[in-house]
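So that you can tell them apart, the chains are marked A, B and C in the order they are listed, and the count of residues begins at 1 in each.
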Amino acid sequence: MCLGIPGQIVGVTDPERKLAMVDISGVRREVNVTCVTINNALEDLVGQWALIHVGFAMSLIDEAEAALTLKALHELDEVSDTLESIEETKTMLGAETQSGQGSS
Amino acid sequence: MNEMSKLAVGRISLAHGGGGKAMHDLIDQIFAARFKPQSREDQARLTHPALVEPGAQLAFTTDSFVVSPLEFPGGDIGKISVCGTVNDLAVGGAQPLWLSAGFILEEGFDVATLVRIVESMVCTAEEAGVTIVTGDTKVVDKGKGDGVFINTSGIGVIPPGRELLASSVKAGDVAIVNHRLGDHGAAILAARGDLALSASIASDCQPLNGLMEAVLRAAPRVRAARDVTRGGLASSLNEIAQEAGVGIEIEEGLLPIHPEVRGVSEILGLDPLYLANEGTLVLFVPEADADAALGAMKATSAGREAAIIGRAVEAHPKRVIMQTLFGGGRIVDMLVGEQLPRIC
Amino acid sequence: MKYVTEFRDPTAAKSLLGAISKTIDQIGATAEDPVRLMEICGGHTHAIFRYGLDRLTPQGLEFIHGPGCPVCVLPVKRVDECVEIAMKPGVIFTTFGDAMRVPGRKKSLLDAKSEGADVRMVYSPLDALELARTNPDREVVFFGLGFETTTPSTALTILQAAEEGISNFSLFCNHITVTPPLRLLLEDPEMKLDGFIGPGHVSMVIGTHPYDFIARDYGKPLVVAGFEPLDLLQSVLMVLRQLAEGRAEIENQYARIVPEEGNPASLAAISQVYEPRPTFEWRGLGEIDKSGLRIRKAYAAYDAERKFDVGYGSSKPHQPDMESFACGAVMTGRMKPFVCPEFGKGCTPEHPLGALMVSSEGACAAYYQYADMRPEGAE
């Protein structure tokens, strides 16, 4: 139902019917770009990425937002690495203190 | 090709299947002129030294081909009719020798296309080192056939001492494929006009007997091999798992798949594990011999992209599980019905 | 593949899963008393199982599969009507692939095809329109189902047909909208839901504001999610964080594709061609007000219901659908697929009893295909 896949618009094929050629991982298909065209300027779409669903470009992909999302995902990576090392240090220090106490 | 090899008419008619002069002209000028059978008897009479070696086995298989479109990037129905049968013999460890070719032609079928298909068969047979020694032709009314259907049966010989059986696969055995998955299926889908997809994917259609011989020389203890055709890798693996009573685990990250095949699969919501191949096999070999088998494969032109994709395991017998890139496991079942594009 | 592969990166998944685990602990959820999140979209159900997210996430998190598969929520008789239209002489019945194997009362579209009906699978409604152009002597009908994701595509196709004056094309409109069933589920005292994973591509069309009532009136959080595994995991984390912090808001994880205000051209096309039906019948939920769309009078020439006298517009008396098996309960998340007595026994992908086992976005198909939950394999 929601099967959409990002594709890059590589050329305008029929300005009257609002059709453009889209490239999805090397596979090409003509799609309708009514939903993503602003002021009838189809040529402006060339090079842009869009979400393709059943033969229609439904939404342009916002590169900045995509980058932000990925950044958040990877920051989590760094944060969690930091947290992990904090935990490990704590455990290690805790163990040393205990053994210190135990041996006294 | 000289004028003698051309039929006087451009299209097949019912007369060409009637048993009379028209049919003899068709056989003479289209089939016999190219397949060049030894005699014009009703049967081929054949001998081969390998067949009479004590312990040798005769291998025999048959397959019918109904692909549409008839011609597609990377091949045509003729090429796959030869490769399909050659490969079904090869995966059993047999040396393919002779093929028969039965044609069911639709009234109105274009003769020039038929000629191209027959020439493709001749070419492929030569490449595979087999001969097409006998055949048959029928013509059906217009509308009762998809242009042409082809049946090929094949005879080969399995040398003494060689026994490849799916049931021999044991836990610990390594699974290897020789080629990327899904090229043929994706090429056919793209070649069908109704999905309006254009891609540069070509079918992987190719004979695999050379590759099998090379692997069996380097790793004689190969347990079993399967030609991955309709139903894709998933179905072949399930067949083996069922026969052998073992579980099979494959790793998503190890599966070789062409980016355009991924593209077609993503657009249509298909799973490459279920897409057809026509020049790809999967084989199981004891772990100790895996490197030798892989190396031998990669040294052949049909096995350049060979890859280890998983192994047989004791866990979950008769089930095939795939470790996803995420570390989760999911079942890979046999294909049910036809893989319908998931779109909405 | 750009914008896909990066969102499937397994290393980032590890950290997300770790954070999800921590937050589940913070909330104090356990396997016996889990956080219950409903994903509404069939594509999300499919993705969760394809990537094994249900097994990778902790036991304290339970996914409830909502009525998000447009094929699954259709009453059986809509399929019967499709078959009825398809069997009429001269008709080329076109549909998305999924719908072809759904069983009707007597047969599926695939069965009808094997009996001689001209049923064809197409990728796009535009391809169906092209069939109408190239087959002027045939009547081409397109089975228009789907939530708001797909509605603009059929609306724009009808507008294109009208512009060209094509007269042998019509749409059998079964479009539905996503918020009415949600409201119904939220009103149900037996449904215990803590939050929602919102449908990414529906929202691409309608924006995020239609969900405001969920937070405002019911105090539940909803995060609009993308479809790659990292999108889903990040969205789950965002909902869990809201729960941990006592918030209830509508957030947008899929901002790279979902604009807050939706897509103006899509919304304009939808309202030009369609209008809400007073009620529409959903499998398992009964009649829901204003949940279905029909073609406006101005485009009556493209309305298969009028052309073939079927559906809500037909002259025949309206009969409620017969309830078959447990499909309704599973589809609304009240029952898990493997609890259904037919699951894996009388109902399998080879012999499906209902749409949920046929449609690859149906919960039953997802469980059967991907999850290790077959009756024989039960541990």
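Assume a contact is a pair of C-beta atoms (placed from the backbone, for glycine too) under 8 Å apart; a residue touches a chain by one contact, two chains touch by 3 or more.
In this text the structure is predicted, and so the values were computed from the model without any measurement.
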| item | value |
| --- | --- |
| Chain whose mean Cα position lies farthest from subunit C | B |
| Highest-count interface - the chain pair sharing the most C-beta contacts | A-C |
| Length of the line joining the C-alpha centres of subunit A and subunit B, rounded to whole Å | 39 |
| Inter-chain centre distance, subunit A versus subunit C - centres from mean C-alpha coordinates, in Å | 23 |
| Sequence positions of subunit C contacting 2 or more other chains | 1, 4, 70-71, 96, 123-124, 127, 146, 150, 361 |
| For subunit B, residues that touch 2 or more chains besides their own | 196-197, 259, 262-263, 266-267, 269, 342-344 |
| Sequence positions of subunit A contacting 2 or more other chains | 1, 3, 5, 24-25, 54 |
| Residue numbers on subunit B that touch subunit C, as the complex places them | 194-197, 259, 262-263, 266-269, 316, 319, 321, 324-331, 333, 336-337, 340-344 |
| Residue numbers on subunit A that touch subunit C, as the complex places them | 1-6, 8, 17, 24-25, 32, 34-37, 49, 51, 53-56, 58-59, 61-63, 65-66, 68-70, 72-74, 76-77, 79-81 |
| Subunit C to subunit A touching residues, read off their complex | 1-4, 6-7, 9, 11-12, 14-16, 18-19, 41-44, 68-71, 96, 123-127, 146-147, 149-150, 152-153, 156, 160, 199-202, 204-205, 227, 230-231, 234, 253, 255-259, 263, 265-266, 269, 361 |
| In the complex with subunit A, residue positions of subunit B that touch it | 190, 196-200, 259-260, 262-264, 266-267, 269, 342-344 |
| Subunit B-touching residues of subunit A, taken from the complex the two chains share | 1, 3, 5, 24-30, 52, 54 |
